[in-house]
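Structure in structure tokens, see below.
Just so it is clear, A, B and C label the chains in written order, and each chain counts residues from 1 on its own.
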Amino acid sequence: MADGGGVPAAVGHGVLQPADGCAFGDREWAFTFANYAQALTNPTYATLLWKSLKLAFWVTVWCVILGFPCAYILARMIKGRAREVLFLLVILPFWSNALVRVFSWAIVLRGNGVLDRAVNAISPWEVDLNLMFSDTAMVIGLVHSYLPYVILTTYLSLQAIDDTVIEAARSLGARFPRILWRLILPLAMPGLIAGAVLVFVPVVGSFMEPRLLGGRVGTTYGTLIEDQFVAVFNWPLGAALSFILLAVVLVILAAASPALRKATS
Amino acid sequence: MSGVRVERLTKAYGPTKALEDVTLTFPEGGFFGLLGPSGSGKTTLLRAIAGFVTPDQGRIFIGDQPVERTAVEDRNIGMVFQSYALFPNMTVAENVAFGLEVRRIPGPERAKRVAEVLELVQLGPLGNRRPQDLSGGQRQRVAMARAIVTRPRVLLLDEPLSALDRALRVDMQIELKRIQREVGITTIFVTHDQEEALTLSDQIGILKDGRLVRHGPPRASMTTRKTPSPHISWATRMS
Amino acid sequence: MIRHAFARAYLGLILIFLYAPIVVMAVMSLNASEFYALPFRFSTEWYERLFTNDEILAAAWRSVWIAIVVAVIATCLGTMATLALWRHEFPGKRLLQALLFPPIAVPWLITGTAMLIFFFGVGIGRGTPAVILGHVALALPYVIVTVFARMQSFDRALEEAARSLGAQPLTVARKVILPHAAPGIIAGALFAFAVSFDQFVVSYFLAEPGDSTLPVLIYSAIRKGFTPEINAVSTLIILVSMAVMVLAARYAKFGGTR
């Protein structure tokens, strides 16, 4: 949290509002809870917050479902130079520009776009995928952006599992499904939870991906906050909304922390 | 319970031969010590019997049944690893119960057998502990209990005492022998410690560079430990 | 063996998922049609247009030099901070280390808007200085983590040996400690460059409208409508940041030691 000064400033800004309502300037400051009252009571805001939480939930679920097998294969089935190269290939996109990657999905998904035409070229009848500007498009783009996090953290905890522990289970007669369920999953849990947190937190606050891939259905709590700062210039309300988002995230993290502690003990 | 026999067993890793034409019978109910320096092939032989290593040539019998093509999971063996390999996410009792769970032993009988075997290894009250909270000797006992509770056909021990300090090791040798006598299970024991092999084994096999160089009862295959013969001086140097 | 075949196929599908859209984008940037029409006809028209588009060129240049400035500042500060954390015990050290860890519990959006309000509050306001300060704050933890990891392998006896031979502390730092830390510092600088060059959210809130970095410019351009020029510039950005990361990954493994 290197931006230590920033977050408290935002908190403060939610309650301190220039008297004449203008965003900022050398004006008098007045203390008010009005912004928080507005942010908390407006039902539209609550709906959007709920929508963002659901979006983050589904993106996290998909990242875990897709990422775990990938991490398992990398950590426990592939060895040597091949593993090094594949591992770099998997985490490389994560270090490249997030905006550009979302844009590339827009090209693939848009109506009459590449995916549409590829599917129609194979399919005998007309298929209208129409994925662009939908919840599905948002989930696809966000999973693409955050999948490497889950793979990375899960890979680390899977790699730490002692091979002889697996051998011991086999010598006792256990087959792969049971070993997976009783040993590998529990032992990988700290990595999976850490990865899930790393996905969930930024996705709750995402605005660029919903904006570009969700279009009109892509209004989320994140785009609501964005608008307060860049479109309607109601910074105090934006700050109040930001702080509520931060509080929700911290509450979720706090709720997850017993599970995290249990999983790491 | 059954004896074990390997015939003309060969295994190579690239140019190095880990096992070369090894033929050996491990008698039923006996305690057989496999002795040799590191790289002699003794661990490869044990892992081939367990099924973790697939031999290039040769046959392995557990009882009368050939097992070269049987997966580890289906060989019905018990194994104790050098690092014990206890399941860190389970309690002592859960560790011991694991093999019974796999064999679908019903709950009440499972609990009874776990309690019995923990009693046998003198860990009765520690069932709810986690492996991380146990001492080295206690972990060793858990690993033993876990390996024998399923009543396997053969018990394989891969340097089970080498992680313990000297004083504890002597105690555990006596323990190990007592448990093996009580259960009466065919046991194959890998060690590089000659004295340990002599103390514990009914029969000994000595491996060097992947070959079986001698085998037989401990006092016939080598002289008493007070006057080691020149033939086994390498084993003394190892320990 | 069957399991291994499945495993490879699965990894292949994941890699396709990760790379296919990027490849499509790159291919389309070389397609003559403005509407991504097929069949594909090769053309470098969009790249040519790109290099005559002053707005994009200015933003690209701004992005690059901001990233360089950020890398230099973050690397200097980060290296000094790491060496202090590594060599000395002082009260509050653990707290400081925790605070210097990458901020995972705060969504980017909140970091960005909070910085905006903060910079206005202290009188810096929007603009390039704010962008640089913001990026330095974001990049600093990555430099510290990377350099710290490198220093873990330093044998302190070397420092003592140098001192016993009469070397002054500054000489020791220059001749013994810095050469050891160098691969970590280079990797840290590359990470810092990448963090700044690829940063969108924080730049978006801190940049002055007429003075934006490349990602911010692309974002507003996309919202107005797609053009193959954005394709072309996006492809170039991906190539640059991936190249930087491959380099950083090589140094992060600390070159000669493996």
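Here is the rule we use: contacts are C-beta pairs under 8 Å (C-beta built on N, C-alpha and C of every residue); 3 or more make two chains touch, one makes a residue touch a chain.
Please read all numbers here as calculations on a predicted model, not as lab measurements.
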item	value
Chain whose mean Cα position lies farthest from chain A	B
By number of C-beta contact pairs, the top two chains	A-C
Centrality ranking, top chain (CA atoms only)	A
Chain centre separation in whole Å, for chain C relative to chain B (CA means)	53
Separation of chain A from chain C, taking each centre as the mean of its C-alpha atoms, in whole Å	19
Rounded Å distance between chain A and chain B, as computed from the means of their C-alpha atoms	49
In the complex, chain A residues that touch chain B	162, 164-165, 167-175, 178, 182-183, 186-187
Partner chain C, residues of chain A touching it in the complex	1-7, 9-10, 13, 24, 66, 69-70, 73-74, 77-78, 86, 88-90, 92-93, 95-101, 103-108, 110, 113-114, 117, 144, 147-148, 197-198, 201-202, 204-208, 211-212, 222, 225-226, 229-230, 235, 238-239, 242, 245-246, 249-250, 253
Chain B to chain A touching residues, read off their complex	50, 52, 72-74, 76-79, 81-83, 85-90, 98-99, 102-103, 146-147, 150, 156
Residue numbers on chain C that touch chain A, as the complex places them	3-4, 7, 10-11, 14-15, 17-22, 24-25, 28, 36, 38, 99-101, 103-111, 113-118, 120-121, 134, 137-138, 140-141, 194, 197-198, 200-201, 204-205, 215, 218-219, 222-223, 226, 230-231, 234, 237-238, 241-242, 245-246, 249
